[in-house]
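As written, the chains take the letters A, B, C and D, and residue 1 is the first residue of each chain.
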Amino acid sequence: MKVTEGTKSRNTLPDIRATEIMAAAGARELHDGEVIIVGLGLPEVASVLAKRTHAPRLTALLEIGVMNPAPRDTPVGLADSRIFYRATCWSGFLDVMGMNLHRGIVDAGFLGALELDRYGNVNTTLLKQESGKIRYVNGSAGGNDVASLAKRLIVIMRHEKRKLPLAVAHLTSPGFVDGRSREELNLRGGGPSRVITDMAVLGFDAKTHAVSLLSLHPGIRLEELVENTGFSLHIPNDIPTTPLPSAEELRLLREEIDPKCVYLR
Amino acid sequence: MKVTEGTKSRNTLPDIRATEIMAAAGARELHDGEVIIVGLGLPEVASVLAKRTHAPRLTALLEIGVMNPAPRDTPVGLADSRIFYRATCWSGFLDVMGMNLHRGIVDAGFLGALELDRYGNVNTTLLKQESGKIRYVNGSAGGNDVASLAKRLIVIMRHEKRKLPLAVAHLTSPGFVDGRSREELNLRGGGPSRVITDMAVLGFDAKTHAVSLLSLHPGIRLEELVENTGFSLHIPNDIPTTPLPSAEELRLLREEIDPKCVYLR
Amino acid sequence: MVDKVKSVSEVVRTIPSGSHIALGGFAIARNLIAVVHELIRQQKRDLTVSQGVVGLDTDLLVGAGLVRHLIMGGGSLDRFGPVHCVNRARDTKSLHCEDYTSLSICFRYLAGALGLSFIPVKSLLASEILERLEAGPGAENVKRSKCPFTGEEYVLLRALTPDVSLVHVQIADREGNCQINGPRWENEEQAKAGRRLVVVAEEIVPTEYIQRSPERTIIPGHRVEAVIHQPFGALPTAVFGCYDYDADHLRLYVEHAKEPERFKEYLKAFVFGCHDHWEYLEKLGGLRRVEELRADPILGY
Amino acid sequence: MVDKVKSVSEVVRTIPSGSHIALGGFAIARNLIAVVHELIRQQKRDLTVSQGVVGLDTDLLVGAGLVRHLIMGGGSLDRFGPVHCVNRARDTKSLHCEDYTSLSICFRYLAGALGLSFIPVKSLLASEILERLEAGPGAENVKRSKCPFTGEEYVLLRALTPDVSLVHVQIADREGNCQINGPRWENEEQAKAGRRLVVVAEEIVPTEYIQRSPERTIIPGHRVEAVIHQPFGALPTAVFGCYDYDADHLRLYVEHAKEPERFKEYLKAFVFGCHDHWEYLEKLGGLRRVEELRADPILGY
């Protein structure tokens, strides 16, 4: 996740990066004893932070067939041998995605997204340029599977208007499509529960299944949020502020988990 | 396979056992380079004999998940660690029975039988006593799978009237049920091709799918065969004699493959 | 790391009568003897038991009258004899029995493990096994159907998801990461099909040992509810790489299993007469006997 | 024992244009580079390629214009960038592409490996991936249906059975018994789904080595048609336990892959300009470079 500065005042607290707030907010969404599937980047950083703080018995699975890795060096992706290190099991898609995810025992999926719309539908396949021209990107890999089958989905992404459109350019991974319930959609997993951006933590309304604001990060103004969101989202009367990472969380992130700032830039 | 002497003159050649003729006849049914699934006992003995003579590149699979074992000591069954020794692969049912047999790459299945009828249907589940009372035995295990899916099936068994009835007491593993073709029966495997007994080698008529006599073992009279068979079988005008094991085959069987006569009794 | 090591009696107390338990043994290899003895001592009744190739463990449970429904692919004690108690219960119709085959029961577990409610198979067709399933208690678990792409005829099998899957392994860590040596028959699919999963391990190793060869982890720890540490927990059946089967005791068992009255004597002496598996091992001949049976490190038996 | 060791050019000559080949790489790990270079040199055209997560190998084939139809679950070169050649071919509609997901493509291979002509899955529903499959060349491979036992809605997938499956492994014997170190993604299912199966091995070992740990044999020899012995055969992608990816060369590749003209220069220099993989390795920096990339025995990279 490469950070390119936009038009908004992301970083009002000079000592704390937006990515650090995101990682800490992500970690708080994970509970001790849960089984999660994580994508690389901030999801992995957040899961390691959770494991080193309140959730020591978290089980982290990677779709490629790796369980509970404890990398010594920062990997560049899922295919990097660095992320295989000190795992407790090496298997493959059939085991992780079949015998765990499809089996229904994965509590949370934790992924990034290219685009996410007001019903939590995710696009990782293509971008439509203003000219109407289509540019393909990576496709689903395990994204659609995780969004379809995990008990809940947590998405972590940059907060930009074009990345949060009313409807995604390609519905790669279903959320609450057209505002319908997961039962109506014949999907086993519970669907998206949180979207963690560099401006806010978002949730989903239990009735309308549309995105709603849960908390604003410190220093972010509501107008900024609205301006940078491509759809209208439910805003509560009292808007909580996302807690900052604790001193210990910051120390772990900076000194142990991503000291070279590969993902926390 | 415990040998209990019946009423027939099985062993006309004092120096060669009926089981040795069976093992050699069984070995001749296996061709070099083939992939076979074998049951324990004479099928395994015959496959080892084939491998040590004309078929060095035979691949032998055991349903439990063992490939190409080279046991040093005689095992008492498929679950005996002795038959796991020096295998080239240990896996399980899913691999052997699924990814090989069900995949359609097994050239021959080689099994024993409790009963076999005139269409090559096999019973390994139960026996009906003359009183009509039912006595259960072992069930199918991989028998039905092998009979359904192997390109051809070779059965090796004692030749007794009650073991070769007109119709089996329980159709565990299908041959040419009711004389129908395998296509009509929706079965992928080619069906039974040979039945090797201690009196003869039997085949199946290409049109009627009924058992026919291919060769009589040396010293066995046709009348004996007919008397000990529970159904009428097609008999050719010229009846070939089953070749005796060669001196080298006998040496291998007696000195190397089953020196303690566990299966060659 | 969660420490999941529990005693066998502790674990068996959590399995209610009426449960569906799946056993990971095969004939005379890696049977769940310590668990089965304790199930009998605690008199857990009306069990449904499923197993690929039924062995001594299931024969004991059926002989002790604890099993109402048996789902099996086959059964034998290899050359020591048939599963007398199971066969007798079938002969006298005191047991509901669903017969499958090695592959079809494995596919039912595979579907359960993968979270598929059904899976197709090309076995069973044109057999009396299928006819009997369709006419009996198995009717709700099989259905003939055609492939939507090729038109080929299949049997669709319902997934099998035991309440508790139990498997005997050579090596586990305290969290439940397991290694299995030798062939694994349907162990992986059966274990992962279970709603709950309990393993009995010959040896408990540190997690670092697991991390040295993670490709050998057949069952990952997070799937495991409890780890029972019971050396020689499968005797008189064999555990590859650990010990051979006890041929003398297997013969003694089969002699007793042939007759209901003598089977009761066996239970009295070797199950009810033992407080736990250690006492039972003493009856088998104790330290001296297990040392005789201990596996050669090269041969594995 | 059959000796199946063959050269890469010998094997590639047996793969006709128009074949469906399945590649066992994943992004920047264990890619079939030596084989793909030779496919390009021999100009095998109109290929169908399938792969779980498309990597450098498929990107090269597509960039070289040899692929007519691509069946994929996703694709990337991790943080080095996207698969530019594949994405560009899709943008310009010069490639038929069937998109799946990691699980659904694995299930299609699994069905192929098991000899099932179809298999159900609970992914894809309510997604545009499924809609596009139903509207395009994938229509004959997916069908919505219900479980006959539970009534639950599924997508049925047609089995995928490539003409030739190719997988890069760390260790094989001359007959083709293979060990894979590290995670195995869909390698086993993909390999066994193939009508033919070719492996590229970093190291050839005696069969006795295989017999010492037969539980590690992921692909048994009798399934394998040919074994290509090519050390560093996956460079610039990584082979766990053998060598790291060549980050410099991956960056150089991505820079060239961004532009069709520069990609041609890349092919000229590193594929057409090399007689075989040894010459290519020299261009990468030869012995000195591969020693820099050689894996630490503890870390595996």
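Methods note: a residue touches a chain if its C-beta (ideal position, glycine included) is under 8 Å from a C-beta of that chain, and two chains touch if they have at least 3 such contacts.
Keep in mind it's a predicted model, so treat the numbers as computed, not measured.
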Starting at chain C, find the fewest moves between touching chains needed to arrive at chain D. 1
Could you see whether B-D or A-D has the larger number of C-beta contact pairs? A-D
Which chain has its C-alpha centroid farthest away from the centroid of chain B? A
From the mean C-alpha coordinate of chain B to that of chain D, what's the distance rounded to whole Å? 41
For chain B and chain C, what's the span in angstrom between their mean Cα positions? 29
Mean-CA-position distance for chain B and chain A (Å): 59
When you check chain B against every other chain, which residues touch at least two of them? 87, 90-91, 94, 98, 102, 149, 188
Chain D residues touching 2+ other chains are 115-116, 121-122, 152, 182, 184, 215
Mind giving me all the chain pairs that touch? A-C, A-D, B-C, B-D, C-D
Provide the residue numbers of chain A that touch chain C in the complex, in ascending order. 33, 35, 56-57, 59, 67, 86-91, 94, 98-100, 102-105, 149, 188
Chain D - residues contacting chain B, complex: 1-2, 113-116, 175, 177, 192, 207, 210-211, 214-215, 217, 220-223
Where on chain B does chain C make contact in their complex? 40, 62-66, 72-73, 76-82, 84-85, 87, 90-94, 97-98, 101-102, 125, 133-145, 148-149, 170-174, 177, 185-188
Mind pulling up the chain C residues that touch chain B in the complex? 26-29, 52-55, 72-80, 82-83, 86-87, 90-91, 99-104, 106-107, 110, 121-129, 152-153, 182-189, 237-238, 240-241, 244-245, 247, 295, 299-301
In the complex of these two chains, what residues of chain D are touching chain C? 115-122, 140-141, 143, 145, 147-150, 152, 156, 158, 180-182, 184, 215-216
